[in-house]
Amino acid sequence: MPETNLEQRLANLEQELSRLRAEFAERRPEDLVCIICFSGEWDKVFAALTLATSALALGSEVHVFCTFWGASLLRGGPATPCRSHKRPWPQRLLDLLMPKSIEDLPLSRMNFFGIGRRMLRSMMKKKGVADLTTLMAEARELGVHFHVCDTSVSLFGWSDAEIGRIPGCDRCGAATFLALALKSRAVFFI
Amino acid sequence: MPETNLEQRLANLEQELSRLRAEFAERRPEDLVCIICFSGEWDKVFAALTLATSALALGSEVHVFCTFWGASLLRGGPATPCRSHKRPWPQRLLDLLMPKSIEDLPLSRMNFFGIGRRMLRSMMKKKGVADLTTLMAEARELGVHFHVCDTSVSLFGWSDAEIGRIPGCDRCGAATFLALALKSRAVFFI
Amino acid sequence: MPETNLEQRLANLEQELSRLRAEFAERRPEDLVCIICFSGEWDKVFAALTLATSALALGSEVHVFCTFWGASLLRGGPATPCRSHKRPWPQRLLDLLMPKSIEDLPLSRMNFFGIGRRMLRSMMKKKGVADLTTLMAEARELGVHFHVCDTSVSLFGWSDAEIGRIPGCDRCGAATFLALALKSRAVFFI
């Protein structure tokens, strides 16, 4: 009978459409932008935070994963971090050399022991470009999610008080962040 | 009546399918490849332009955003740029140190004040690998779209004549480029 | 006749749905993660391999393209590479300066002629973090696909024996790898 035939085809179509919808929902990139902040150099952090706030302005949810040298980004902050606990000497030596706060980060080029960075900052001030501390505070207030790499913090031997720039910042591993990154529209390794 | 019932289901299906199609069209990545050329080092620019021309050959539309150190990529060009206008001293000092043209860009490693780069270029010439100037000209002729970061140009105090390597190159902000990047198949931060 | 009308609409729907399915299949990103390992610095290679093994653990197929400085990643290996064949002097000089094996790779920051790297490695050992050689072996055993850039190998004048760290590693060009990258969920340029 033709009607049964029509009914069968219709049922098939309905089933197929719902299958396609499910598949599509699972595979389409979400409105997420993920940024891996690895190198932790002043200019690159500046680029990362500019991308973060721009993506936010475009309506995306933004996640920044601070790892390795980039973990320095979260050091310091309003409260003076407690650095009195004992550390083995390679950590203490590295600590001496690593930037203590966001404004100590070196430039990736032409740093010249901080002179280049100072020059750049004075140029930015004259042109009315926001500096790194302001940009970071802005990013945080606007709702950029910051994550700090668990392995990096434990490797550098930092206490929780030392990564106090972003209170309540999430501490997670690379795999957890990558799972998020794989669902996102764009991932940046900076 | 069964027929009305069939008709109703059919109308639902048609509606759902067109909704899914619209959703899919909005969310699927387009045939775009976006490259953020940030570090402006000879070898990294080489990689960026190789990716750009390869993506073009694969049928994608390609956009390159030259920002920060990467803005140097667009300096110089056929016409001698006019550099006579007065600048404040930090800009003039930085200007003295920054590469004036594409072949002055340093290597990201083993540059040794330009000796490393010269060695590499001689090796490339012997092997018949295109040099940066040729690659850049090729990219432009084949139709790679170049954009220069508005903030960088204003920060470095360059005149329009100075970024004359690509005549008519688009000058835009990070957010404008990011909007394009979020629709693309792949984004590279180089 | 109403039934013919229904039949026609049904046929249209079936056709449209199969068209949408095909379009979707062609454009959706596959379960692939592609990593371009360009800079070949110890810490960045560490990040690249951590991402590679994490992506694998999340169920993705992972491809790593070792190019330029990153090609060093594949040098050395179990068999002592034969380095006796004659090379022109710029290649020999570069050869003298380039890392011979994975543990010779410099840090991207604070390398201090290898002292920084040694310190970092000792810190990692104390914390029980796997070192680069172990991570590389793991990546290979778990099934990360390694590709070496054809142009780089020919440019540096390496013999096949010299890139013996990953036996049977695929040698391909940038365009071939990019074609893969454009289908993937995430691409990293590291």
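Residue numbering begins at 1 within each chain, and the chains themselves are lettered A, B and C in the order written.
The rule is short, and it goes like this: a residue touches a chain if its C-beta (ideal position, glycine included) is under 8 Å from a C-beta of that chain, and two chains touch if they have at least 3 such contacts.
Since we're looking at a predicted model, the values are computed, not measured.
K.L.:
If I list every residue number at the interface of subunit A and subunit C, are over half of them used by both copies, so same, or under half, so different?
P.N.:
Different-residue interface.
K.L.:
Superimpose the Cα atoms of subunit A on the matching ones in subunit B and note the rotation angle, 0 to 180, in steps of 5 degrees.
P.N.:
An angle of 120 degrees brings one copy onto the other.
K.L.:
Would you kindly tell me how far, in whole Å, the mean C-alpha position of subunit C lies from that of subunit A?
P.N.:
It comes to 22 Å between the two C-alpha centres.
K.L.:
Do you know which subunit C residues sit against two or more other chains?
P.N.:
Only 3, 6, 10, 13, 17, 20, 24, 28-29, 187, 189 qualify.
K.L.:
In their shared complex, at which residues does subunit A touch subunit B?
P.N.:
3, 6-7, 10, 13-14, 17, 20-21, 24, 28-29, 33, 43-44, 46-47, 50-51, 54-55, 57-58, 60, 108-110, 116, 119-120, 122-124, 126-127, 129, 185-190
K.L.:
Per the contact definition, I'd like the list of subunit C residues that touch subunit B in the complex.
P.N.:
Touching subunit B from subunit C are residues 2-3, 6, 9-10, 13, 16-17, 20, 23-24, 27-29, 36, 38-39, 41, 67-69, 88, 90-91, 93-94, 97-98, 106, 151, 154-157, 174-175, 178-179, 181-182, 184, 187, 189.
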